[in-house]
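Going by the order they are written in, the chains are A, B and C; count residues from 1 in each one.
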Amino acid sequence: MTALVEIRDFRLSFDTFDGTAQVLDGINLTLNAGDTLGIVGETGCGKSVLARSLLALNPSPPARIVSGEIRFRGDDILRLPERGMRKLRGRAISMVFQDPASYLNPLLSVGTQMEDAIRGQDAAAGARARPRHAARALAAVLLAAVGLPEPARLLDSHPHQLSGGMRQRVLIAMALAGEPALLVADEPTTALDVTVQAQVLALIARLVADRGLALMLISHDLGVVAASCARVAVMYAGTVVEEAPTTELLARPLHPYARGLIAAVPDLDRPDHRPQGIPGSIPGLIAPPTGCRFHPRCPAATHRCRTEKPLPRALLPGRAVACHHAVP
Amino acid sequence: MSAAAEETVAAPPRRRLRLALWLLTRSFSSMLGLFLVTGIVVLALIGPWIVPYPDDVAGGVNLANKLQPPSRAHWFGTDEVGNDILTRVIVGARVSLLVGIGITFAAAAIGVPLGILAGLAGGRLREAIMRFTDLFLSVPGLVLAIALVAALGPGIGNAMVALILVWWPGYVRLAESKALSIREEPFIEAARVAGASRARILRRHVLPNSISPLIVKMSMDIGQAILAVASLGFIGLGAKPPTPEWGAMISIARGYLPEWWWYAMAPGVFIYLAVLGFNLLGDGLRDILDPRSNRG
Amino acid sequence: MIGYVLRRIGLAGLMLFGLVCLTFVIANVAPSDPAALAAGPDAGRSQIERVRRDYGLDRPLPEQFLRYLSDLARGDFGRSITTGRSVGTDLSRYFPATLELVILAMLLGVLFGVPLGVLSALRKDGPADQVTRIFAVSGIALPPFWFGLLLQLAFATWLGLLPTSGRISVFTEPPPAITGLLLVDSLLRGNWALFHEALSHIILPAIVLSLPCMASILRVNRSEMVEALRTDYVTAARAHGVTPWRIVMVHALKNAMLPTLAIIGLRWGWMMSSTVLVETVFDWPGIGLYAVSSAIAGDFKPVMGVTLIVGLNFMVANLIVDLLYGVLDPRLRRA
């Protein structure tokens, strides 16, 4: 069986005035239909760029694909022309974004934005765009499906009239319009109030389960990922350092960075237990550290770590770690 | 310009300068602007020493030689009293540049302090200054200038005064908005909490942050002021012959159209190139120094 | 929304009062003696003194100001020395010609400026963008009076395609006015010959007048489009499969049009004032030419009248723009 998404040795860089930043440095990930994969890492580790690569949304320039492939149902989508990519957007792969306030057009009504998405997807598929009232009817159904009351009235309102949680639900409804196989959620709860965060996460989890969607959830928050994803990939400075089932990673992280990340999470049950930060800061990507990109901050770094880039090793079934010194 | 230009705002000074120069040299239109401005400035500086007919500068009369078509001796022809048009146009660069720079600097000298005062003081003083400024902005510039010249009487000096009176409010607006926005920046609050005096905040934060948009505006305005003076000269309210002012030259040349059409060509081309130069330069500088502002 | 409208109108009214004050100050601060001006260049001392008394110029300034206000309120702008008519009559006679010119020039400016701005933004930093940029800056840098002369030379004198100047041929009897705008009137009467004649006269001055306007609309629209195309909501629209055409022409352009609209409002006023140049070149019988000929003759009242009319136009244009903002931007509607 072909995987839904297969990312192989994907490298992407940003051309800037100061030089070329190697933003993604050899990413390998696989996602099967119905899988839920979380991607965690600090700000700037490249997780959002990776997410946007799935829909070819990184502006180019500065973004430039260096090598590798991203296969969706077996077809390499990195080499797809814009026209071909448009067939996938919304219909095969959908995306939910971080800040719902800035990802909705302030001047257009919710209805117009949803109709445009639905009819645009029709057009991209080569079909005649359905009439506006039919698109509107579908939009109302979708809004109801994400738990928004009074869809008909909502369609006539503008984004500034909605709360943050409602806006995010609207964006999720929009993402479902084309019945995609994969939902990419880029920090979907970061900009929301804590109480709303839980609701939105629960909604995403329900939709994923009900519709058999695959989910790629990007977050800097391990807690968010742990609540919604069966597997986790930990990213550091443009590389995946560890990939494992969520419960196993939380119980026994193998990569030193993953260990640090987990130690940095405050534990509400043990208020006396002070969270530990990771010393140092994320490296610049224009001249990244040689060898293992984590070595300047790693307590266990050796000469080999400084010179030789560690490749992911399958230390345990279903677990891969990119560290010279990790032991099962 | 994209992300690279926006970085200049936050980047350290040395790198910022290097980046600015790189962006400037990369843009064809900015380089063209720089070239034209340099050309006009050089002409204005050394004009009287390189003109082919120095006697024609003050407006000698040589009727035997009048209204000659362009030739090897007179590249742009001669005017109605036989003066070499090339000579007069070159000397005109000095007049136009001086007037343009004079108007712009005088307007900035009035407007910037008022604007900073309004922005930093706030309250009633700010209201008073800004409403007074709005008053001058309520009539489009050229008509207001004509009304002022009509009141003061025609002539290049009065035209300058009128244009300064028309131009200063723009600088109040600019300086006020900069001072106001900077007042609300977190780092100013921090500086104030840290006990920095008002004068120090002004010197260390407000002025450096206003300087980029100011340079851009002044570059554009020198061009526009040159154009405005030429316009007043053309309708007969600015410089009077024999002052070698481009607009006044075209005004006379108009009477010799269409037979002696070349008379009007050189002064017009020079106005166009001078204004184009300052505008392109300002436009290029804005892309680099002040990328988020609007152009209009 | 109603509060917003009322506030804007109130503000405009205040500005109008300020403008009236400004004209009064200009008229009285001037070193020239208004009585001497009004009496004409050949007047003797006693005549000037009589004029001074007749016009109330010997009264204290506050009293003169009140009188100026009440005159204006009655639509009395004073009398023109050069035409011998009341300035109000002259203005109502010349204004339609200027209005027609400005409307056509504005249409040209918007019709070309907006699409070129969009195109330029889509081809950002490409060769087409560089060419458009130089064209746009040229539009602002070209002296309108000189450019007008060039067009006259090319299209009227050398090619003989269009008339040099005026609103219609001197041999044509102008029809009784309906709106005062010749193009509209001739269409309303179904007079195609007159329409053609009026169009051939207006086209050159309209082009000259519209060029700076077109240029600045182009520049603002371009930079706003560049910004809009970079926004998160455009990224989201792409991700959701909205067609590129809809994204550019609706999602991005609607946002870019707000600042463009502000420039259109400003340019309306600036165009009114540029008519002093364009109308001089093309002998266009509008308020610009009226202001220039009066200013040269030292005839002060018409100049003030034109200043007030242009200022009023500017204010109304900005008021309309403000109200349109309210219509276009749902965030303002609530406020």
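Just so we're on the same page, a residue touches a chain if its C-beta (ideal position, glycine included) is under 8 Å from a C-beta of that chain, and two chains touch if they have at least 3 such contacts.
For clarity, every value in this text was computed on a predicted model and none was experimentally measured.
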{"item": "More contacts between chains, A-C or B-C", "value": "B-C"}
{"item": "Centroid comparison with chain B (C-alpha atoms), farthest chain", "value": "A"}
{"item": "Centroid distance [mean C-alpha coordinates] between chain C and chain A, Å", "value": "53"}
{"item": "Intercentroid distance (Cα basis), chain C paired with chain B, Å", "value": "23"}
{"item": "Chain B: positions in contact with at least two other chains", "value": "none"}
{"item": "Of all residues in chain A, those that touch chain C in their complex", "value": "55, 57, 59, 86, 89-91, 94-95, 97, 99, 102-109, 113, 116-117, 119-121, 123-124, 158, 160-161, 171, 174-175, 177-178"}
{"item": "Partner chain C, residues of chain B touching it in the complex", "value": "1, 27-29, 32, 131, 134-136, 138-144, 146-154, 223-224, 227, 230-231, 234-237, 247, 250, 254, 257-258, 261, 264, 267-268, 271-272, 275-276, 279-280, 283, 294-296"}
{"item": "In the complex, chain C residues that touch chain A", "value": "230-233, 235-244, 246, 250-251, 254-255, 328-331, 334"}
{"item": "Interfacial residue positions of chain C with respect to chain B in the complex", "value": "15, 18-19, 21-23, 26-27, 29-32, 125, 130, 133-134, 137-138, 140-147, 149-150, 152-153, 157-158, 216, 219-220, 223-224, 259, 263, 266, 269-270, 272-274, 276-277, 280-281, 291-292, 294-296, 298, 300, 303-304, 306-307, 310-311, 314-315"}
